[in-house]
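Can you keep this structure in mind? I'll have questions shortly.
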Amino acid sequence: MADLLSLSEAVQRFVNDGDTVALEGFTHLIPTAAGHELIRQGKRDLTLVRMTPDLVYDLLIGAGCAKKLIFSWGGNPGVGSLHRLRDAVERGWPQPLEIEEHSHADLANAYVAGASGLPFAVLRAYAGSDLPKVNPLLRSVTCPFTGEVLAAVPSVRPDVTVIHAQKADRKGNVLLWGILGVQKEAALAARRCIVTVEEIVDDLAAPMNACVLPSWAIRAVCEVPGGAHPSYAHGYYERDNRFYQAWDPIARERETFVAWVDDYIRGTRDYAEFQQKLAQANAAEAR
Amino acid sequence: MSAYTTSEMMTVAAARRLQNGAVCFVGIGLPSKAANLARLTSSPDVVLIYESGPIGAKPEVLPLSIGDGELAETADTVVPTAEIFRYWLQGGRIDVGFLGAAQVDKFGNINTTVIGDYHQPKVRLPGAGGAPEIAGSAKEVLIILKQSHRTFVDKLAFITSVGHGEGGDHRRQLGLPGKGPVAIITDLCIMEPEAGSNEFVVTSLHPGITREQVVENTGWAIRFADRLAVTAEPNETELGALRALEARTAAAHGQKGDDQ
Amino acid sequence: MADLLSLSEAVQRFVNDGDTVALEGFTHLIPTAAGHELIRQGKRDLTLVRMTPDLVYDLLIGAGCAKKLIFSWGGNPGVGSLHRLRDAVERGWPQPLEIEEHSHADLANAYVAGASGLPFAVLRAYAGSDLPKVNPLLRSVTCPFTGEVLAAVPSVRPDVTVIHAQKADRKGNVLLWGILGVQKEAALAARRCIVTVEEIVDDLAAPMNACVLPSWAIRAVCEVPGGAHPSYAHGYYERDNRFYQAWDPIARERETFVAWVDDYIRGTRDYAEFQQKLAQANAAEAR
Amino acid sequence: MSAYTTSEMMTVAAARRLQNGAVCFVGIGLPSKAANLARLTSSPDVVLIYESGPIGAKPEVLPLSIGDGELAETADTVVPTAEIFRYWLQGGRIDVGFLGAAQVDKFGNINTTVIGDYHQPKVRLPGAGGAPEIAGSAKEVLIILKQSHRTFVDKLAFITSVGHGEGGDHRRQLGLPGKGPVAIITDLCIMEPEAGSNEFVVTSLHPGITREQVVENTGWAIRFADRLAVTAEPNETELGALRALEARTAAAHGQKGDDQ
């Protein structure tokens, strides 16, 4: 059974330095609040897995939490580059970042294999692509019936997966809907799973075949309203496109980035205080 | 005919390539704009699938991300991302993969990974995303991107997603199920693979564009088809629908949604 | 796009003698009406695939439509044996029946592989079981990362899959809910798919992440209310447990079975007439 | 204590083995009855998963089929059957696999396929169903069936689902993740694997049952543990809950739901 915990306590209890950590959410329900908490608690040497690293990993990489990144598309969607990711890869700041690069189909299948307790996934992929030349983990397997050679990729089995969802009930059963991404697979592939939610309710009122993660399959549920900002939570709030654009100049230079992290994340006690601070800054700017 | 931009010409020309009823796996940005323009004009029954999970999306405004809520709300159903790649793409149900690119070469191979050395990159691009398997498994592929010396290159530093590989029947030798890129639509022209060599040659120049402009903006010795067409100008319906779509998008997002 | 057809026309158009045919539905939404129509049209030499053969395949086998059965559990659930299946296997009546036997996990994975366009599925299965001794298609594959030896099974790619669902809209988009079984995978694994539905409606009103098969992924939608009897259609009617019990004496002897099929299936024009006849018989018995 | 039948004793004894909070993959028939009795008595938080797709089913009446609507309506969620086997069973999330059997041998191997030769069967049984992989991947397995010479046999004609294989550490040698059957509960007794050999020996006789009865109804030279217990009789709560469950089931279905 999942415990209903504060995010701070959940991260303290379930995330260790050196862990392989997946924060998943495919443009929707990105667990930003959990990313902040990893920075506040100064987690180090993490191997970060995520199909689309996005702002949340730009932050973690720039803040020095990561030693390795496993990913399949690294950009600021609709805006441009992830400057902190590029700085780490290209110039080793704030520390060198090893990258292990896949395609979306590969990583999605790798999560499915992880959730299925299998050591590898099979897919039709990579013929003619240079990716296998730079990632020795992209191998092949031969069909014992047809002789066809297919791609074999290692399954993803994170130590910890963190996802954000719309609702949990008081027992810790979690419901998400809309763009589901690979969250369910990432949650089930992990040894430990933390779920942040918009709200905790008496009754999930889930449709019969909805995407529900039962309480006993996860470790902690944390109520963190707004925790997926600047991405969105279907039924709760929309994507903050302005913030994605605003991120570009913040992350472009090391100085502005460090100042922002010191101010907004290390300088706040928790996500609620961060939200307050951000709202104040936005209000001041609007004046 | 009202005046139009080269960008508009590109989008309209790309939209026209999408047959009504085709099942289209849509990349974000230019492909998404062109695919939705097709849906709003000549191909109302085109089926749009986005890698985030929506099947049959009919967005009123262009999505800024590949997983905007608008896509989910207007879709026939929304499935997990892994299912999109497994049951729908690899399962052989995609007629057209509609891709953008950072760079292409003369065989329609795509680079979205890195410029320069992989380990010491000059420019680090976002990476593969869904493109390698879309390029491999869709029954055919359309590529849309602005043409320049930097984007149409003689030799790619990195092949992220294969087109016709080294040309000829290389693609078949690789065992890829789809037939690969059938057109590259740019702001200057339309290129199609030459029978046999599968090298992309210009088959249609957009109105007012000269051969010299195309040559100047191509990093390889681009050739022109014997029967070189001139692309039909955008008509009022196409331009009207495109501008209305962009206006709705700007009103909703404060952006036109054609970046990246 | 799916055509809205009569069941008779759909079977005529899309099922050929000698085809590999999967009628799926895991205790729920079993496409019985379609099974009847295959008999009415005298389809022959079918290779039948189904996890749980059930009454619907007992019928088809007894009526002489099948040359081979691929399955993983063959019984009359809650009642006992499938007598026609046993008679065909044990005594070759009305013709010999080749059987290819799997486990549920295997066939479910084989449908997933089929839907995924893969030639085989990988699962952790069969170690210590005698099934691979009698089914040479249960092979193995070695993980290129861990060296673990896993089971490899051929994917299922039926020529035709038939499923029953609750609703379709007028475009032919199909919605099902409740126990989903392997229907979606079976539908997508097939070259051609026929869906019978309880009703055709203006608006599916499907939840956002519901199990919907888009019209363009299937060939025909046929409105056949009650078409899943004696199984059930969630939200429409319940399982007819009495019929499962009544089936036992009907199917036990060749004579009673042939008489029943001649009377109720070959002797009726379509499923509606069958239902009428069955209702009359039940009413007569109740008097 | 009111009178009770040997069948009731079997169901009650089996239900007691299911720890509160355990995640249980439930076979239809006797396992389903025992698992639901556990849920209604000592283990209200047991999680029942049926192979048809329901996770966390809490049926008011016993299902007659493995996919009754009652299971879907009372579950926390209902997932596709393939997902049950892939993410939940093979994914290592099942604490207890609760199985019936047509025949077992002294190492808890199960036959549900055929009696006699596979190709010329004396009796053709339904086949594997979900059992082989439940037996392989559940962290532990409970087996429930009525005891007789015909069901407890010295040598199985066919091993459908492996228990401890040839005994000893054979199961580990096979690379199976779960620890296999930890108890066989019958209408006469409870058997558990002997440390080392993993041969099933009687560890508890049901009240009023003699060693001789067990020996007579076992097809191998059954042994008895040194410290042989007597199973506690069903108490009023257990019997009351079981009979109420059966009464509700009979009222709903006209059957008690313990066949097959």
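Chains: A, B, C and D, in written order; residue numbering restarts at 1 for each.
FYI, a contact is a pair of C-beta atoms (placed from the backbone, for glycine too) under 8 Å apart; a residue touches a chain by one contact, two chains touch by 3 or more.
All values derive from a computational prediction rather than experimental measurement.
Of the two chain pairs examined here, C-D and B-C, the one linked by more C-beta pairs in contact is C-D. Centroids of chain B and chain C (each the mean of its C-alpha atoms) stand 41 Å apart. Between chain B and chain D the centroid-to-centroid distance comes to 57 Å (mean Cα coordinates, whole Å). For the pair chain C and chain D, the distance between mean C-alpha positions equals 28 Å. Chain contacts: chain B has residues 72, 78-79, 86, 90, 137, 177 touching two or more partner chains.
Multi-chain contact residues of chain C (touching two or more other chains): 112, 117-118, 123-124, 148, 178, 180, 184-185, 208-211, 234.
Interface note: chains touch in the pairs A-B, A-C, A-D, B-C, C-D.
The touching residues of chain A, when paired with chain B in their complex, are 26-28, 51-52, 71-75, 77-81, 85-86, 89-90, 101-105, 108-109, 111-112, 123-131, 134, 148-149, 178-182, 184-185, 211, 232, 234, 238-239, 241-242, 244.
By the touch criterion stated above, chain A contacts chain C in their complex at residues 117-120, 122-124, 137, 139-141, 143-146, 148, 150, 152, 154, 177-178, 180, 207-211, 234.
Interface residues of chain A facing chain D in the complex, by the touch rule stated above, are 1, 112, 115-118, 173, 184-185, 188, 206, 208-212, 214, 216-217.
Of all residues in chain B, those touching chain A in their complex are 28-29, 51-54, 64-69, 71-72, 78-82, 84-86, 89-90, 109, 113, 118-121, 124, 126-133, 136-137, 158-162, 165, 170-171, 174-177, 253-255, 257, 259-260. Of all residues in chain B, only 21, 23, 45, 47, 55-56, 72-73, 76-79, 86-87, 90-93, 137, 177 touch chain C in the complex they form.
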